[in-house]
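Note that the chains are named A, B and C in the order they appear, and that numbering of residues resets to 1 at the start of each chain.
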Amino acid sequence: MSQDIRVQGLSRRYGNETVVDMVDLDLPHGTTTALIGASGAGKSTLLRMIAGLETPDAGTVQLGPGLVSGDGIMVPPERRRIGLIFQDFALFPHLSAVENVRFGLSHLAKPEGQAIAADWLARVGLADRAYAFPHQLSGGEQQRVAIARALAPEPLAILMDEPFSGLDPMLRADVRDAAMTAIREVEIPALIVTHDSEEAMLIADRIAIMHAGKIIQIGTPEELYSAPASPRAASALGPVSSVKGRLNGRGMVETAFGAVNAPKDMDSNTFQVLIRPEAVDISDGNAARAVLISKRRLGYIFQIIVQIETESISVWSQKPVSAVVGETVSVRLDEAGCFVFPYE
Amino acid sequence: MRDFLTVVFCGAILAACGGAETQTENEPAGTINVYSARHYDSDRLMYDKFEEQTGIRVRFREMSSNLLFETMKSEGASSPADIVIAADAGTLWKFQDAGLLRPVESDVLNAAIPEKFREPDGHWYGLAKRARIIVYDPDRVSEEQVGEYGALADEALKGELCMRSSSNIYNLSLMSELVERWGEDEAGEWAESVVSNFSRDPRGGDTTQVESIAAGECSAALINHYYWVRMATSRSEDRRAMADATALAFPETGDGTHVNITGAGVAANAPNPDAALAFLEFLTSKDGQELLVSETKEFPMVDGVKLPDGLEELPDFIESAVALTKLGENQATAQTLYDRAGWN
Amino acid sequence: MTAQAGTDNFEEKPFQGVPRLLKEIVRPGNALIALAIFLVGLPLFSTVLIGIFAGGGETWNHIIDTFFWTYLTGSLVVLSGVALLILITAVPAAWIVTVYDFPGRQAFSWLLILPLAAPGYVLAYSYADLLGVVGPIQTAIRDATGLAARDYWFPDIRSRWGCAFVLAAALYPYVYLTARAAFTSQSVCTLEAAQALGAAPWRRFTQVALPGARPAIVAGLALALMEAAADYGAADFLGVQTLTVGVFRAWSSFSDPAAGARLALVLVALALTLLWIERRRRGDAGTQASSIRWRTIQRKKLGGWLSLLAVVFCSLIFIWGFAAPFVRLIWLAIEARSSTPPLIKPLLNSIFLAGAGAAAAFIIALIFAIGARSKSRVAQVAKWIAAGGYATPGAVLALGGVYALNLLPFTLTGLAALTVLVLVYVSRFTAAGTGPLEAALGRAPASLNAAARSLGATPIQRVWRVDLPIILPGAAAAGLILFVETLKELPATLMLRPFNLDTLAVRAYAYASDERLETAALPSLVIVLCGLLPVILLSWRLSTGRAGGGVE
């Protein structure tokens, strides 16, 4: 029953602009893939092409064994059985919650459809709001209805376009948990477009980073976070500070804040070193001396900015720092959170 | 193109109001199309009566004589009009002058209608009579002061006269007759003197002048008799009171009272001229005459016909002997004299 | 620009919420839009062309020599009067009901819209009687003072200013509505900010609210003035010489429609200027329409004599625009009970004609509204043509229709006349339908269509189960507006209606011009009543704001 989605060489142009450029992507069943990237990276267009809402200029989309886009085939979305969830919920305003969920069950007899719809509403925690109309529901409730509606017809895959960004932060986690639980249960391929990297790491099994129409890196959240393939990929999953580095005699890359191992096959002398804020240790030992520029408590961590000469980096420390602003502190880099790339 | 237009719109119209009445270009035999400048509900009874007596169906189009004239002209030879009914000989003359009427001979009509009330060649026939008379406030002026048209020029009436616009056909026809009676110069001087006696600028219709006198705005005005009769026989107490407060003067000296007609002629391109003539003859019958004047309060053309309510009370008067054809012929001169006198 | 580029969508832009099926019908021909443009533009363009190329000659010279200045100054005085009266009534009224609370505020808020139901000529009939020399007011003055009519001065309703007074009464709701909407949408935050900065109420009104609402007010005023310039019935009845009356007369009295067409050029230029102002202002106004609406204004409660003042002010406007003329018509109709005219047939004819006109205009408006979503150039042209037709007086369009007919080998009879009349209705009123229809289509955002597709709905199911139910209320409102506008239309109906086809408007006009005002009262009343139903419906929808507005 459960099928994978396979995307190969998918491309889409608007006029002269290539919005999606030769994208390959596998969406195995039972896994959730998050697609992240800046606005205009082509995320939504890719999603819409998989859904069948847009026709690719080149490439193929395979759903299980069958081709649904490409090679002259274009299965319309209504025959793909792919569930969709939108940022604006897209509930039918003239239908009650339960009628919305039943919309995709019109092939069933009414009592049967009604029962399934009611069951799905219960699963997303809305059993008592079945007869409310969309405008009577809160944003979170509306999105729950939308999730039930998308899953009720037993789709072969589910695609979500910024599904939670219309919700306020308090509701967001609740709705997200409810949605992801429901989706995991049915073991179908799920694709979620988001611009929130934390959200992606939280819910996705795999993350694909998209930039300028291409997928620049794909992998598990851990892989992507700890081994980004490019500066762009590094900054896509979390904040980094960038400093200059130079190859020293011992085969290490030397920065103002300390030395890190040089990558193996690199024939450059100058490097860009990206440092995650948690990979910096502020200590007393014989490390680099930096000036404390600012320090602030952000809940359980301290956000600190330190500077050496003209370069400054951001540091998250769990330990309080006793030095006051303007004083000098020692700084040591943790190799695991530093990424070295040739200087561009 | 034209077929297409027709198809598009007929389609839209028929779709919207399936089966509502539409006209075909080919008239069924036994139908006449009446172009009438009258708007009286009693005319419908008159048409029904004719249909009842002859089996000829009457279709009518009612609009102001100016619009009738333009419509007939634009329709040209394919005009469906069989008969034209208009108030005022000047208007009928205009139709005749433009070649829109045809001469017809009928012993019935000649017997029923006095010679001066029909066009010599039979282009049109007078069917009902209307007298343009002087209405006055008996408390402020005596009957002698307003006993004839010429008296209105008297300086003694300075500030006492109310008039309607000179472009109105009733005033034009009266002036046309006065030109015939007195010659252009004298008629022009009369107009200037009347204007110098105005109590206010020309305004409203004939009824407005009676109202103005009743309200004390002025003391005398020119009106067609039936406007006053309608007030005098109104269901409204206020309007009867206005008629009671005023008196009528039918000019007797000079050439008597200016009499105009409601008349009709057979259209030049009448599709059904025989039926049209039959209709004309019906209008001079007792039934036709009674219905023609019952609501308008005009004088019937034919003697012995029952007078509508309110006419018995009017005095006998001397009808002017000026030929009705002059009213149209002198119309342009009349307007020029009015304009020169500053009578708007 | 190709259709392709017009319908493409970039990622971050909202996808078009057009029913796909309908869009697919439209796309094969922008040709369909082009045809609709042709139909809508035909009467206007033929008038303009005739006016330019055939409008000279003797009659034209005569008109220039004798009447032109009268017509022009007549129109200008009437328009200035209308503008002035509307600004000093509608704008303060909109402000008062938006930001203050006083007894009857809720009722006034929609009662003040009711004059939209009554055409200008009906108000003219009523006011000519009310304020005439034997009307109740002047009679009361005479009874009270013992004077005669010549002894005192009373404003003449049958004058240019009288005409402005009457037309302003009929048209102020255009500005009242736009001003109220502007005040409502902008005032929440800016006004509170102004209040926090210590601005007194008067200053908040003149320096914050008014400048902010000015584009909307000017746009509404431009609409009202277009209608005022298009009026024939009221000006004709009151004996006021305006350009529109002149156009009609050039045809009906001078037998020279070409001269009328040339005169109409002045009107068309005037109308297009107003249209340009309205469009430009509406563009400006659009920038602030985005503010969030669900914060209702905290209305300040007026106390004591201020509250009384507000009630009196709103009452006076309501009496002026609706109550007084409406009650007087009822009184006249009762007084004339003996001569109650047969109205069933004219009523049916009105419904038939208005139904046909509204249906045709609705179809064209729908084509335009759907086309407008594609942002193609053709659709932009369509919008302007429709707006141009809306701004042009019915008499002018009818003239063009007559000419178009003459070019084709047709005469003004039967089906051809009916067709042309419907064409003129379409030309005149399509724009009144496109706005509400676009709004209705906007209620169905693209994601709904995509959602329905992903749930397996076929194109026909999508139209049937999603698009239609969603746009139906808005579409019904559009249809209703078109129906009432067509029902009230006078000059074109007068010029083009076929045999045996008297409408209520035509009968009312005929009785009134026959000096039988009391007989004209009943058909006039029926017109007003027909118009009241949709106006009340619309005003209720507008006043209750977000009722049913689920997708915003």
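Some notes on this structure:
Please note the rule applied: a contact is a pair of C-beta atoms (placed from the backbone, for glycine too) under 8 Å apart; a residue touches a chain by one contact, two chains touch by 3 or more.
Predicted, not measured: the structure shown is a model, and the values here were computed from it.
Set against the Cα centre of chain B, the chain with the most distant centre is A.
Among the chains present, the centre nearest to the common Cα mean is that of C.
In this assembly, the C-alpha centroid of chain A lies 87 Å from the C-alpha centroid of chain B.
Look at where the CA atoms of chain B average out and do the same for chain C: the two points lie 36 Å apart.
Centroid to centroid, with C-alpha atoms defining each point, chain A and chain C lie 52 Å apart. Counting partner chains per residue, chain B shows two or more touched chains at no residue at all. Taken together, the chain B residues at the contact with chain C in this complex read 1-2, 5-6, 8-10, 12-13, 15-17, 20-25, 33, 39, 41, 44, 59-64, 66-67, 69-71, 73-76, 78-80, 159, 165, 199, 203-208, 211-212, 214-218, 227, 230, 235-236, 238, 242, 295.
Taken together, the chain C residues at the contact with chain B in this complex read 39, 132-134, 138-139, 142, 147-151, 156, 158, 239, 251-253, 255, 257, 335-339, 341-342, 351-352, 355-356, 358-360, 363, 402, 406, 408-416, 418-419, 422-423, 494-495, 498-500, 502, 506-507, 510-511, 513-516, 518. Across the complex, chain A is touched by residues 5, 8, 10-12, 15, 443, 445, 447-448, 450-458, 461, 465-466, 469-470, 548-551 of chain C. Every residue of chain A that touches chain C in the complex is listed here, in rising order: 14-15, 19, 39-40, 42-45, 48, 51-53, 76-84, 86-88, 90-94, 103-104, 106-107, 133-135, 146, 149-150, 153, 155.
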